[in-house]
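As written, the chain order gives the labels A, B, C and D, with residue 1 at the start of each chain.
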Amino acid sequence: MLEKRNYTAAELLTILSARQLSDGQVVFAGVGIPLLAATLAQRLRCPGLTILFEGGVIGAFIEPGKLPPSTNDQRCTKRANMVLGSAEVLLLLQRGYVDVGFMSGAQVDQYGNLNSSFIGDPLRPKTRLPGTGGGNDIASLAQMIVAMKHEKRRFVEQVDFITSPGYLHGRDTRRKSGLLAGGTFRVVTDLAVFGFEDEKRRMQVISLNPGVTRERLQDNTGFALDFAPHLGVTEPPTDQELELVRELDPDRLYTA
Amino acid sequence: MVETEGKSIDTHGYLELRQELLRRDRSLRDKVVSLEEATSFVRDGDLVGIGGSTMSRTPMGMIWALIRAGRKRLSCSRSIMSSDGDLLLAGGICDRVVTSWFSQGILWGVSKVMRHYVETGNVRYDEWSHMAMGMRFRAGAMGVPFMPIRSMLGSDVQKQRPEAIEIDCPFTGEKLLLVPALNPDVALIHVQRCDAYGNAQIDGLQFMDIDLAMAANKVILTTERIVSNDQIRRAPDQTKIPFFAVDAVVELPFGCAPHECYGVYEPMLRHMEYYVALVNGDPVKGMQQYMDRFVHGPKSWSEFLALLGIEELLEAARAGESIYDA
Amino acid sequence: MLEKRNYTAAELLTILSARQLSDGQVVFAGVGIPLLAATLAQRLRCPGLTILFEGGVIGAFIEPGKLPPSTNDQRCTKRANMVLGSAEVLLLLQRGYVDVGFMSGAQVDQYGNLNSSFIGDPLRPKTRLPGTGGGNDIASLAQMIVAMKHEKRRFVEQVDFITSPGYLHGRDTRRKSGLLAGGTFRVVTDLAVFGFEDEKRRMQVISLNPGVTRERLQDNTGFALDFAPHLGVTEPPTDQELELVRELDPDRLYTA
Amino acid sequence: MVETEGKSIDTHGYLELRQELLRRDRSLRDKVVSLEEATSFVRDGDLVGIGGSTMSRTPMGMIWALIRAGRKRLSCSRSIMSSDGDLLLAGGICDRVVTSWFSQGILWGVSKVMRHYVETGNVRYDEWSHMAMGMRFRAGAMGVPFMPIRSMLGSDVQKQRPEAIEIDCPFTGEKLLLVPALNPDVALIHVQRCDAYGNAQIDGLQFMDIDLAMAANKVILTTERIVSNDQIRRAPDQTKIPFFAVDAVVELPFGCAPHECYGVYEPMLRHMEYYVALVNGDPVKGMQQYMDRFVHGPKSWSEFLALLGIEELLEAARAGESIYDA
């Protein structure tokens, strides 16, 4: 798609997301690309990485080709280190045990806030989305990596509704609201990788994915982009990364 | 009840809460009833807490029976709602959901049935974070009016929930959110096994069911199997819900179908796919068709299971038991 | 001792305490006379009585001759209905699941307050006692039955330290302090059985044990006694009660 | 730390608490050390949380090792203290206890050793109700600064503890007591089995050990047996403490002796009776005699066990295992 080798946007997202993780981290992962990315990192570079599921699982190990359909069913517990209550696993976030939360979102804005609740009037919304789930808790209490497809209608200046807080309205507004830890750390898309600038806490392009220009990125984004002073180019997926993603998800359940 | 504009916020004063408990017969006694009899423990307008999560250990049989019994105006709370929620709304028995997430399962995306009822203003969706739901049940279970949490702060989820109160911590000066206790009038919980008194053992994922059971003012258990009290007492540290918190026990094999029951059966995905295609195609007519055939059609839960098909049941059971393959 | 048949003060206490319980109740019992009394009631009249232990046990069943040395060791769990955390079992009190708490105490006063903490200066006490354990929680959150030996130095006008609250300073002081439920319901001694008068919430003799006079009771009590208008005489232990107590505690571990 | 007159009340600000956690290596790694090496995880002046209750699952081996290592000025918190507390005081390593009850066990009445140290003003005894101790550990485990409770109110136990704050509930107007989180610097916990990473499974009575483990800034596990990670993963719903909360693992058979370990051995009552007679006869000299012979005398934990006598160990083990006789 972007390179001569064929890979899907979802495969790219998975691989770029996996690269954001470090060995020894404890990662709260949702089903789909987050789970796949965490497993990829675990197998490739981070044998001491621990994956948590919202349903109540610590130290999940995914078998290639047996990806679970949600984080709440029994498949997620197979050969895990610990199964516990779902309030208990969420409280690990609050206690500070979790380094990184890994999420997708319907809408993201310049301060890394996510909307997965609704668009329109809360009592009679135009579009009612599923809701926060653990998203608000993860985003409030851990460093968050957001992985999502890059579309203009999804990259907006301000989300219609802050379901999962990034830096709220920038600067110290997150901290002032009582959220003392965490914050959106990275946004990974099929077009670029973003970080957040230290002072204003506004989204900033760190690196452009292979073949993507500044102009194309801006055209697909609903707010004016900042670019990091030392803007990089994302390393394309390696053969090893692509092979492993395909081994883990041979049926393209998550990576179609 | 403490009232906010028009609608209760479900927080009880302590004496009222204890009064409810005093009225319950907490003696060691047989509580086995039929599925139909169990529906009489739920009254119109009740705040109902639903156990399990997403497609797991959902008390589907009990929900099915409540729809057939024609309950009205239930407020249903569950940490994560799935097609159980579709049935509650389309079954016409529920006008408010209290949850953190409502979809048909991650495989199929947002529920068009839920969207239909919420977007037309017929059903109110009170959104809390997943942890907040857990802490509301926990406060209820502990007999205190609130739990302090550090999430929801600053977000629009908080702004939508004036029932939660922000404070400056008297110990640290930090901002905290106090989420109010949730003590459902009745909880519906499905377990792998319990005795006739209601001592219940849950295998695998527990979700928030223990707090939910202790928070509720009444508990209806459905169970894959009723076992002897002797069996329970041989492994008392596996008992997760004590009998005196339970008011009715219904033996209901495959009581979560077409959802899963840990270690007993996985979800019946063929049926779920048929269901999703039907109801998301037309959330009103599709759902009516489904209800006619699968909820109002069968004479009994066994007849419903027969409609799912023995092959799908066996396949789900084979997959369910495989969790114990080493 | 008090009658022609021989029984110890501890046996009498056990039997009189057991009579305060009703079928279907949930009873929080400490080791010793409380446990024995609850078991006696369970076997004699109350098959639906449930016994809880502070260590984390629901629905304990004591086998004759195998009384546990404390409520925290494994013997207490044998053939119980449920074993759970000790915070969890105490929280049942707070949630309201427990009808009656059953305790002994070192000192009791006219308002049913108990002291089991210390006598003298808190930082350098004359006598440091073991402390509240679950006593304060039980007394704060359930109807309490106190079973103790009747001695003048232990029946005082005001305890040196309120470890487990009865009616505090009488009238509505308990309720005003925030204790909305429970209260001392009965005090059972080897000399008499006491209740609490409705208005002042002061201790009141309900019945004198067989052979005990008003004068003897007053002589052994550190405050002026009130007697109920219809003062009764305690029914002496029946043969059935005595036999069962001795069957349960053949070695007189609790009833010496 | 938030300070009151002279002495910390053990409540940490949130950022400090998280900072402590960030410093810990939470990766899946082998943490097995010797009993002697494990003592280095406890520093002089630490706030130490001790698992188990009364004579059950007490980490006696670890306490024994800390006395031999000569730690100083520890503040020790345990819901219910027993002869473990005697050793801490007489061993000279502890100058404050935070507990609800301190005796040698119900059979022997109040501890004369405890009385000696507290009545001479050498040791401070901070008394909380049993439930308050549990809720302090729970708040610590949950990462919040307090838990609301409905006991201790009105009593002199409350008056002695200005660290707890009485409030009027913003939801119900009721009086509540907020007890501050207790996050020990280090927790000592003994379990029946764990793997080399620290995934721990606890059988039978759990007391407050799970909250204690999650509340503490470091956890030292002693275990009857180190098992394979595969064994743990075959029954993940029996894991009670996750490996990333654990910092050191010591394999220590009979690690609770002379106390009990559920399902493995009952208390060694002959030794306990010998001990109580000796130390209550003269809480200073008797204790010194006991320490010389049983704590400082043996070269190793095995030598200490040999002093207890193989016969007593076998008898205790026979009784311990009998809990599983149907």
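Just so it is clear, a residue touches a chain if its C-beta (ideal position, glycine included) is under 8 Å from a C-beta of that chain, and two chains touch if they have at least 3 such contacts.
Just so we're clear, the structure is a prediction, and the values are computed from it rather than from any experiment.
Peer 1: Report the chain whose mean Cα position is at the greatest distance from that of chain A.
Peer 2: Of all chains, C has its centre farthest from that of chain A.
Peer 1: Comparing A-B against A-D, which pair counts more contacting C-beta pairs?
Peer 2: Output for the comparison: A-B.
Peer 1: Counting only Cα atoms for the centres, state how far chain B is from chain D in Å.
Peer 2: Distance between chain centres, rounded to whole Å: 37 Å.
Peer 1: Chain A to chain D: how many Å between their CA centres?
Peer 2: The answer is 40 Å.
Peer 1: Roughly how far is chain A from chain B, centre to centre by C-alpha average, rounded to an integer in Å?
Peer 2: Averaging C-alpha atoms per chain gives centres 29 Å apart.
Peer 1: On a C-alpha centroid basis, what's the spacing between chain A and chain C, in Å?
Peer 2: Computed from C-alpha means, the inter-chain centre distance equals 58 Å.
Peer 1: If a residue has to touch 2 or more other chains to count, which residues of chain B qualify?
Peer 2: If we look for residues of chain B contacting two or more partner chains, we find 14, 143-144, 149-150, 174, 176, 204-205, 234, 237.
Peer 1: Of all residues in chain A, which are in touch with two or more distinct other chains?
Peer 2: 57, 77, 83-84, 91, 94, 180
Peer 1: What kind of graph do the touching chains make: line, ring, star, complete, other?
Peer 2: Graph shape here is other: it fits none of the named patterns.
Peer 1: What does chain C use to touch chain B in their complex?
Peer 2: 23-26, 47-50, 57-59, 61, 77, 79-84, 91, 94-97, 99, 180-181
Peer 1: Looking at the complex, which residues from chain D come into contact with chain B?
Peer 2: Going by the criterion above, the answer is residues 2, 11, 13-14, 143-150, 165, 167, 169-172, 174, 176, 178, 180, 203-205, 234, 237, 326.
Peer 1: Which positions of chain D touch chain C when the two form their complex?
Peer 2: That would be residues 53-56, 79-80, 99-103, 105-107, 110-111, 114-115, 118-121, 124-125, 127-132, 134-135, 137-138, 149-157, 160, 166, 174-177, 204-208, 210-211, 260, 262-263, 266-267, 269, 320, 323 of chain D.
Peer 1: Spell out the residues on chain D that touch chain A in their complex, using ranges where they run on.
Peer 2: Residues 14-15, 17-18, 21-22, 25-29, 141-144, 197, 199, 214, 229, 232-234, 236-237, 239, 242-245 of chain D touch chain A in their complex.
Peer 1: Applying the document's contact rule, which stretches of chain C touch chain D when the two form their complex?
Peer 2: Interface residues on chain C, with respect to chain D: 31-32, 54-57, 69-70, 72-75, 77-78, 83-87, 90-91, 93-94, 117, 122-137, 140-141, 161-165, 168, 173-174, 177-180.
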